Amino acid sequence: MNEYRQTVRKWVKPEDLNQHSALFGGRVLQWLDEEAAIIAVAQLGTRSVVTRYMSEVNFVARAESGDLLQLDYRIVAFGRTSLTLSCSVENTVTGQEVLTLDRIVFVAVDENGQAYAHGQTEPTEGTERLRG
Amino acid sequence: MNEYRQTVRKWVKPEDLNQHSALFGGRVLQWLDEEAAIIAVAQLGTRSVVTRYMSEVNFVARAESGDLLQLDYRIVAFGRTSLTLSCSVENTVTGQEVLTLDRIVFVAVDENGQAYAHGQTEPTEGTERLRG
Amino acid sequence: MNEYRQTVRKWVKPEDLNQHSALFGGRVLQWLDEEAAIIAVAQLGTRSVVTRYMSEVNFVARAESGDLLQLDYRIVAFGRTSLTLSCSVENTVTGQEVLTLDRIVFVAVDENGQAYAHGQTEPTEGTERLRG
Amino acid sequence: MNEYRQTVRKWVKPEDLNQHSALFGGRVLQWLDEEAAIIAVAQLGTRSVVTRYMSEVNFVARAESGDLLQLDYRIVAFGRTSLTLSCSVENTVTGQEVLTLDRIVFVAVDENGQAYAHGQTEPTEGTERLRG
Amino acid sequence: MNEYRQTVRKWVKPEDLNQHSALFGGRVLQWLDEEAAIIAVAQLGTRSVVTRYMSEVNFVARAESGDLLQLDYRIVAFGRTSLTLSCSVENTVTGQEVLTLDRIVFVAVDENGQAYAHGQTEPTEGTERLRG
Amino acid sequence: MNEYRQTVRKWVKPEDLNQHSALFGGRVLQWLDEEAAIIAVAQLGTRSVVTRYMSEVNFVARAESGDLLQLDYRIVAFGRTSLTLSCSVENTVTGQEVLTLDRIVFVAVDENGQAYAHGQTEPTEGTERLRG
C-alpha cells in the first residue's frame, strides 16, 4: 500500500517552542495523533476511532516560530478492527527531519467502546466511506 | 491554474458547535484563514505573509461532533506581492456544502511589514521555496 | 437605528501576532463573530443564534503585544428572522483603523436549527429579552 | 466616581461548566481579572499594568451553556500608582447574581516592573490616554 | 491537619506573562482554583465539587518564561458539606513568594447542584474515596 | 532509585474525550510529556530541557468527564546529559490502568540547543537545584 500518502502541514507558533527554539515534544505528539486520527476516520468510514498504540519516537526537533512542519503519513496495514499508519515529520524550512514514527494504530469502536470489524482493506483518497 | 488543489481536513469538536449543532462562524473563519496562510507560505517561499482581504461568506453550516470538514483550496492568481486563493468547505459526513469563499488574499511582507515582490508566478506542490 | 452602539475591547496577546507584529486575520475574524453573536443574543432574546453571512473584509491590521483593539458595533437592520450588524475595528494605541465590516448577519434558530420569526424590531441596551 | 460604569458580556461555553452546570470558579476569576485589566489599561494610559490585589469572592454561580454573563465594573478609586475597581457579575438569562467583587487593584509598572505615578485622577470613557 | 500537604508545580509559558515578565493575575487564579478542585475531588470522594469561596489575594508575582511555580496546599478544615484549603505559591527559580491564599472553599454537590453532607473528616493521601 | 516517585493528577474535561468517552491519545501524550518535563527541570536544575525520546505506548484508556487521572513517575536513570523517567497512568475513579510508559528521556541543553553535562546523579524532592 506504499502508494497511499497523506501530507499535512502545521505552522509552528511561539507557544509550540521553548526558550531555545526547541519544539515541545508533547505538542508534536498531539499533532501526530490528531492528524492520524483524521486519516483513520476517512479510511475506516466511522467517526469513532481510538488510538490504541504508538511506537517509540526519537525527537530531533528544532524550529523557529513561523516554520512549517510537514507530516507525511503512509498506510502500513488494514487490520480486522484496526488501521496502522506511519509518519515522518520534516521541518520544511530547514529541510531537517524532526522525527520518524514507525506505527500508530487506530481501532474502530462502537458506542460501547468495543472494537468491531470495519470491513476495509484498501486505501481511499476520498471521504465517501463516511457517507456509507 | 485550475489544476492546483490543496485539501485540508478538520475534525469538528464539541467546542466548535453551539447547543443546536451549528458550527460557530468565527471558528470556521479562523480555520479558513490559518490553513490558507499555510498554503501561501509554501507558495510564496516566505514565512511572513499577512491576510489582506477576505471576500463575503455565506454560512450554510451544520455539523455534529466528530464530523470531518474538508477545505478545498485553489489558487486564483499570483499577484506581484500577493497570492489569491479560493476555498469551498464541505461536511464530508453529510455531503453538504458548508460555505464557498471566492477570494482570500495574502501579501508577502518584509520585516517592516511592507509588501514586496515575491517573484512567484506558478504553483508548486512542494515546500522547496522555503529553503531558497 | 444609528443611535445604538456597542463597544468591545480586546487585548492583543503575543499569540495573536505573527513575527512582524501583524495580527492574524483569522483571530480578528473570530473575535468579530463571537462578540457580534453576544450582541445578537441580547437583541433577539435567544441563546440560539447562528452566523449566516459576513461581508468582505479588508485587513489593514498592525499591532504590538499589549495593544487594545476597539470593536464598535452598530445595528444595521432587524429582519424577520435575522439581525444585521456592522463593525469598525480600531487599534486604540496607534489610533489606526484595523478594518471595517459592512454587514454580519445572525439568524435566530429553533432546536432543529430552523430560522424562526424573533419578533424584535428595535434595539435594547439591556438583556431583559433573555429573561422573557 | 459612581457615574463611571463599564459593562462586559461573556458567553458561557460547555468548557466553562462542570457536569452539573456549575461554572468553574477559576474561569470566572480569569475573566474578572482580564476584563478589569483592559479597563485599567485605558484608564491609566499604559499597556503595562499588573494585578496587585483581589478581595474575597463568594461564588453563587449557576449557568447553562449559552448563557450570557454580564460583568459590571465601577471605579472605586484612583491611587497614586494604582487603580481600584469593583465588579458585580450577573447571569442575564436567569437574572441571578453570580458574585460580587469589592475590590481589584491594578498598578502601572515601568519596564523594570516598578510601580510609577500614573498621574490620572478622573475616569475617561475613551481610549485617548493610550495615544498620549 | 497540618501534616497533610499537596504540592503541585506549574511551568510558566510566554502566554502567562505580560510584556514585563509579570504573571497575569487571572492565570494564577485559574491554576489555584483548578488544582485545589483536584484535591477536593480526591478528599471528598466525588467528581462534583464547586468553588464556593476564595479569600483575598495579594499578588507579588514576577517570573520569566520557563520558571516553575510551586503551589503548596494544606487542608484547613473539613466542613459538613465543604472542604477548606489554603495555598502558598512560590517561584522556585527565584525563591520568591508569589502569593498566599488563606482559604479556598469547595462544596460537594448532587446532580441538582445542592450541597450534601460528604461524610469525610480526615485527609487521605490516595484516591480510594473516588472508587467508594 | 526506585524510592523516588512523583505523582501528578489531571482532571478529564469534555474536550479530552471523543463521543464514546475514550480519551484522545494525543491529549494524554501531551500531559505525559509536559509533566515529565516539569520533573526534569527540577531534577536537572535547568529550565532548558528537551524531550529526546519516548518509548512505545499502549492505550487502554477509558474515562468520563470529571474523572481523575493519576500519573505516577519514577526516575529510571541519570545520564551524563540526560534524565530517563517512567510513568504509569491510572484512572482513579475506575481503578483501571490507562497506559504504562517505560521510558521518556530529557536532555539538558544550552542556549545553542546543545546537550551539556548536567552533573546530577541523585534524585531530589525539592527545587533547590533551580536556584543554584
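First chain written, first letter: the chains are A, B, C, D, E and F, and each begins at residue 1.
Note that a contact is a pair of C-beta atoms (placed from the backbone, for glycine too) under 8 Å apart; a residue touches a chain by one contact, two chains touch by 3 or more.
Small disclaimer: the values here were computed from a predicted structure and weren't measured.
*Asks:* Mind checking the rotation angle between the two copies, chain B and chain D? C-alpha superposition, nearest 5 degrees is fine.
*Replies:* About 120 degrees, rounded to the nearest 5.
*Asks:* With centres defined as the mean of C-alpha atoms, identify the chain lying farthest from chain A.
*Replies:* D
*Asks:* Distance-wise, how many Å sit between the C-alpha centres of chain B and chain C, to the nearest whole number?
*Replies:* Roughly 22 Å, centre to centre.
*Asks:* Where the centres are mean C-alpha positions, what is the separation of chain B from chain F, in Å?
*Replies:* Going by mean C-alpha positions, chain B sits 36 Å from chain F.
*Asks:* Residues of chain B that touch two or more other chains: which are they?
*Replies:* 14-15, 18-19, 34, 37, 47-48, 66
*Asks:* Let me make sure I understand the interfaces: which chain pairs count as touching?
*Replies:* A-B, A-C, A-E, A-F, B-C, B-D, B-F, C-D, C-E, D-E, D-F, E-F
*Asks:* Under the stated contact criterion, what part of chain E meets chain D in this complex?
*Replies:* Listed in rising order, the residues are 18-22, 24-27, 29-34, 37, 47-48, 50-59, 61-62, 109-113.
*Asks:* Would you tell me which residues of chain F are touching chain D in their complex?
*Replies:* Touch list, chain F to chain D: 13-15, 65-66.
*Asks:* Which residues of chain E touch chain F in the complex?
*Replies:* Going through chain E, the ones touching chain F are 8-11, 34, 37-38, 41-42, 47-48, 66-68, 70, 92-95, 127, 130-131.
*Asks:* Which residues of chain B touch chain D in the complex?
*Replies:* Those residues of chain B that touch chain D are 14-15, 18-19.
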